[in-house]
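Two complexes come next, and they have one chain in common, chain A, joined by chain B in the first and chain C in the second.
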Partner chain A sequence: MSASSAAVGRVRARKSHPATFLIPAFAVLAVFYFLPTIFNFIYAMTDWSGFRAEINFVGFRNFSDLLQSGTLLNSLRITIVFAVLVAVFQNLFGMILALLLEKDTRVNRFARVMFFIPVIMSALAVGYVWQAMLRPDGGVNQLLGFFLGRDITVAWLGSTTWTIVVVALVHSWKWMGLSMLIYLAGLKTINEDVLEAARLDGAGSWRIFKDIRFPLLAPAVTFNVATALLGSMNGFDIVQATTGGGPAGSTELLNIFIFRTFGQGLFAQATTMSLVLFLVVLALAFPVIRTLRKREEVL
Partner chain B sequence: MSASVLTRAAVVRRKPGSRTGVWRYFQPVVAIAAVVALIGMPLWIMVVTAGKSQAEAQHPNLSLPTTWYLWENLATVWDQGRVPAALLGSLLIVLPSVFGVLVLGSLAAWILARRKSRLISALYALAISGIVLPPAVVTIVLLLRQIGLAGTGVGMVGVYMGMYMSTVIFFVTGFIRTIPLELEEAARVDGAKPLRVFWNVILPLLVPVLATATILICLYVWNDVFYAFFVIGGRVDTLPLNLFQVASAGLHLNNWHLIFSYVILMSLPLLIVFIVAQRKIISGITSGAVK
Partner chain C sequence: MKKKLTAVAAVAAVAMTLTACSDPTVGTTGSNGDAAEVTWPEATADLTGTTLTLWAAQASASIPEAVIEAFEDATGATVDVITVPDPYEQGIQTRVATGDMPDLAFWQPTPSMLTAINASTNLQPLDGAPWLEHMDPAVRDVTGILDGTRYAALISSPTVQGVFYNRAVFADHGIDVPTNWDELLEAARTLHGEGQTAFFDFLSPTGWATQWAVQVQLADAAADGLWDRINAGDEAFTDETFLTAIENYKSMIDEGLFNDNLASATFEDQAAALLSGDAAMAFQINALVGAMQAQASAAEVDDAVGFFPISPSGNVATVSPDQTNGVVAFRTGDADREAAARQFLSFWMSDGYQTFIEDQATVSLLDTVDTPDSVPQVTRDLAAAVANSVGSIQAQAIVNPDLFLFLANMAQGTLTPEQAAQNTQDHFVQLARALGAEGF
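On to the complex of A and B.
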């Protein structure tokens, strides 16, 4: 294309695709998304609270207070552990379900619909259901007791070490149906002839999965791992409804901390943690997505 | 594909998943057992507990109620949880949020997909940043106060639109890039103005991708409680907010029958929509997510 015709093309583009059409969407983004995010950086440096009218600049005092009391690193550690556990469990369960229900039979179609029900339920409701299931006298222990033939009274939500794993499992339970669907869609795109050729060469099911199907699922894995990891960094409802952050604060995710301190009128602290969450997700997002994409390109 | 491959495939045609004979008979059993254990049990505890008297529901478990009080309990939470007001509130927030974000997002995505310049790429990157980056939930409240929208449904709709605009722009821009430009040109030669081209040519083609986005955004907004707490908590009734109220009051008193009655009531609308349209919803999500 010559320079003049490129210029003509640009003028045409300006007329046929006017930039003014960008304004409404970007106005909404600016007011309700960008501006609050910028405010986040500013108000994290103030003593904004529910107790006083004026707001003063205090520099990094909120950060140093939260660092010193240990809450910042503690909440951050809990959030990251939770997010990693969710990314692993949700994808493991989703993949197993997809492989189990891959064939298009009536039973499998029914099962897929059933496994999707938790996805459409409110996360808060899911949390309450599992709180009832996981109490020492709740449903899970009742079932275990029935099959093992003795009383089981494990306090699933009472351990300061393991409860974070349990709530990650509950979170994964809610979303595994969505991962399953995405893996099912990925499995469908794999060329049947490739699998046939491998089978004729004598490869077993596991070999075929490990060496052919799993690598070909890379785009679905990228999508699922990235959304599970980064989405659960922002988790709240399920953990709030099952443990409320307990026992002894051992499942207090950043968002639960933000919710609690905001309710106490400590707005600056809540803002500071919200900024921490933003920065951590920002720092994680690019390497995570880049690494996963690179894995795709190798293939 | 060569003829030899075709014949070979026809001779030993075996669908993946039907590896050995035993597994073929065993698989449905495993599938059903998994559904019963993993989905059936949690749903079961919800229904039987919702049907119990207060005394029986104190310690929720899987046993059947001695007498069913399901209707009474549903009626109690219908009043106590202000279900009609909450349902109305939820609808009045979800519908404009989803409609607004789809229309404005698609309009912007069309321009972002068709025009090429460094500025456009920068705007696109900025617009989709919200897919992964969490919204600044605390300062949103401050901002809404400053513009007089704190605690209002309008403010909430704006916040949801700001949160999910990125998702729409991301999905739709990618989709529009696969639509041939010639389809627009034909309409343009006939003298159609840009808005007309968008409305008559582009928007109808976007139906599949918009369907996917609608399903996902409806799910998130309908069930959201975290952002609703900050923006409209205590001012506007929505289903999840009122569930939280009923549950916070109920947990102290171990009123599990009321909590689960409310859970059943609030899950029904989406559950009915899902059961009616499950095939479309499932294929919509799978076609949109993996390209």
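On to the complex of A and C.
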């Protein structure tokens, strides 16, 4: 196509799809996405609260107060630990499930459905069910007690050190079905010829996985790790239902802290925190996604 | 052209933002802006066709059932009780902030919580209500008032902090009811020395009762104006009075005076331990009676458990009214419904009061109605303690920091007493500033 005919094509495209067609979509985007985000920035600089009618501009005072008190940083640390744990567990479980259930047999198809059910369950229901299971007199301890032949009364949600790991496992349990599905789709795209060539060269199944299948799954890994990590940064429902942030605030994710602060009528502070979370997610998202995309380039 | 459009859009966005920069709950002033004009309809006047909504917490949803039934029979009105999930206060504040409002709600009738809901804008003043003349002034004016205006109807005897004890355990170990803090500690050490768990507290799922052991130690200071000084910013939670109370609580835990399973124990466990005598005492409020009655009959509770108020130098009680004690009426902007809401409160506190206290087995606050015989002695003792009492942090402080949360974290070992005090102070300052209090 010559340069002039390309230009004609553009003109024709402009005539048949005028830019004004975009206005409805952008209006919705502006009202429901840009405006709230702008408000988020503005309210963070005010003293908006449930106690008083007027709203005054206070500059960066909310930020400096929050940084000074240390509670924000503590919640942020817990949130990041939680997100990293979820990213690891969810992908590990999803990958293992995908490899185990890769063949299209009747049993495997049934098992895939079973593992996908938690994904479509209500997050709060998942949280409450696990809260009941993990009680000292709950199902998990009874099961362990049955197999070990003695009474087990571990307070799974009572440790200020390990409960964060337990809630990360619950979160991963809920979402591992989704990771499994994406890894399964990824595994299906790998060309059978490549695997056959490797097998003819004498590569074992571990070697094939490590050197061929896993590298070729890079796009699936990018998607799964990024969504698990960044999605769990915004985690709230499952942890709120399971521990409510306890014991002793050791599982108090930033969103739970924000919810609590908002509930106390400190609307500006809560807005400031959600702005901080937004910035942290943004700051994490770019390097994480860039690094993962780099892995794909070698393909 | 494109640049111009962008500029226009940006200006529009900024303009919209600026005009929208005001609280949505403002400007909902009802028809009765002036308290002097408020009229109180006859308690049983006809209200056929009127529907009122009453927000309640899970803990308070069943409280008004009997009185609502009587009101509906007498007036033809309908009262819908809507249970707002816990944490109740947060849920209400969030809803009211977004412009959602009931006609009535259970609400902690303390100045800090009345402030938290922006009472002067959102609530109907109840000065001059017809039932007030029938109440004992010592109880009537304990709570429900903010800046000289009454906003809450006190429906039941306000919650009192003190010590519940197992009578049999005290008798077995030859212990008399302590008459001051030192005697209480001595009794606890004796019990501990004889292998008996002295106090029972709990941290699961939240350790909301951790604050009582600290608060009762402040009774003398409270009588001496502690909360006025803290409210003015002249004294802090990190200063000696408050910090000492926290340190005492921590050292009592470290000494082994509390139950071993503190971290995993629950409120229900506390009620069971006190009933059975597994524990001798518990720092608690009226709510414990309800929890014990869920596990045993009223008579069994009365036989097993007694109550005494405690303060550093004597038996002065600390009152902390909660949301089961108070009902507020909102300024919804609809004059008829606002009047109907007042009429409901008026009915509750006159014609319907007998039904209410018999149903709830609680002590009467009105001189026109006698306390039913079915009311347990422990409930009577709790009500009697109100007459000789001082205000708690809930009743007296201008805002209510998350004291219990920091104390629970301290009991779990994640905060030191100094950090717990500092966190409480920081949170207090943050809330006081949001309130616009002077000195912060």
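What we mean here is this: the second predicted complex is superposed on the first by the 292 of 299 C-alpha atoms of A that agree within 3 Å, B and C clash if a C-alpha of one lies under 4 Å from a C-alpha of the other, contacts with A are read in each partner's own complex, and residues count from 1 in each chain.
Here, a contact is a pair of C-beta atoms (placed from the backbone, for glycine too) under 8 Å apart; a residue touches a chain by one contact, two chains touch by 3 or more.
Small disclaimer: the values here were computed from a predicted structure and weren't measured.
Asks: Compare chain B and chain C by how many residues of chain A each one touches, and report the one with more.
Replies: It is B that touches the greater number of chain A residues.
Asks: Who does A:Val28 touch here: chain B (first), chain C (second), both, or neither?
Replies: Once the two structures are laid over each other on A, A:Val28 reaches chain B alone.
Asks: Classify the contacts of A:Phe214 with the two partner chains as first (chain B alone), second (chain C alone), both, or neither.
Replies: Neither partner.
Asks: Who does A:Phe60 touch here: chain B (first), chain C (second), both, or neither?
Replies: neither
Asks: Quick check on the superposed pair: does A:Leu282 touch chain B, chain C, both, or neither? Answer first, second, both or neither.
Replies: first
Asks: After superposition on the shared chain, which partner residues are touched by A:Phe39: those of chain B (first), chain C (second), both, or neither?
Replies: both
Asks: Look at A:Leu100 in the shared chain and tell me whether it touches chain B only, chain C only, both, or neither; answer first, second, both or neither.
Replies: First partner only.
Asks: Which partner does A:Ser69 contact after superposing on A: first (chain B), second (chain C), both, neither?
Replies: second
Asks: Just to be sure I read the superposition right, which of the two partners does A:Phe267 touch: chain B = first, chain C = second, or both, or neither?
Replies: Both chain B and chain C are touched by A:Phe267.
Asks: Would you tell me the residues on chain A in contact with chain B in one complex that are also in contact with chain C in the other?
Replies: 34-35, 39, 48, 259, 262, 267
Asks: In their complex, what parts of chain B are in touch with chain A?
Replies: Residues of chain B touching chain A: 1, 5, 8-9, 12-19, 27-28, 30-32, 34-35, 38-46, 49, 59-63, 100-101, 104-105, 107-108, 110-112, 114-116, 123, 126-127, 130, 132-140, 142-143, 147, 158-159, 161-163, 165-166, 169, 184, 188, 194-195, 197-198, 219, 222-223, 225-226, 229-230, 239-240, 243-244, 247, 256, 259-260, 263, 266-267, 270-271, 274-275, 278, 282, 285-287, 289-291.
Asks: Which residues of chain A touch chain B in the complex?
Replies: Checking each residue of chain A against chain B gives 13-19, 21-22, 24-26, 28-29, 31-37, 39-40, 43, 48, 97, 99-103, 105, 107-108, 110-125, 128-130, 132-133, 135, 137-139, 142-143, 173, 178, 181-182, 184-187, 189, 192-193, 195-196, 199-200, 205, 208, 219-220, 223, 226, 230, 233-234, 236-237, 241, 255, 258-259, 262, 267, 270-271, 274-275, 277-278, 281-282, 285, 289.
Asks: Going by the contact rule at the top, pick out the chain A residues touching chain C in the complex.
Replies: Answer in residue numbers: 30, 34-35, 38-39, 42, 46-55, 65, 69, 71, 136, 155, 158, 160, 243-244, 246-250, 259-260, 262-269.
Asks: Over in the complex, which chain C residues touch chain A? Could you list them?
Replies: Where chain C meets chain A, its residues are 13, 16-17, 20-23, 25-26, 87, 89-91, 93-94, 96-97, 115-118, 121, 203-206, 263-264, 405, 408-409, 412-415, 423, 426, 430-431, 433-436.
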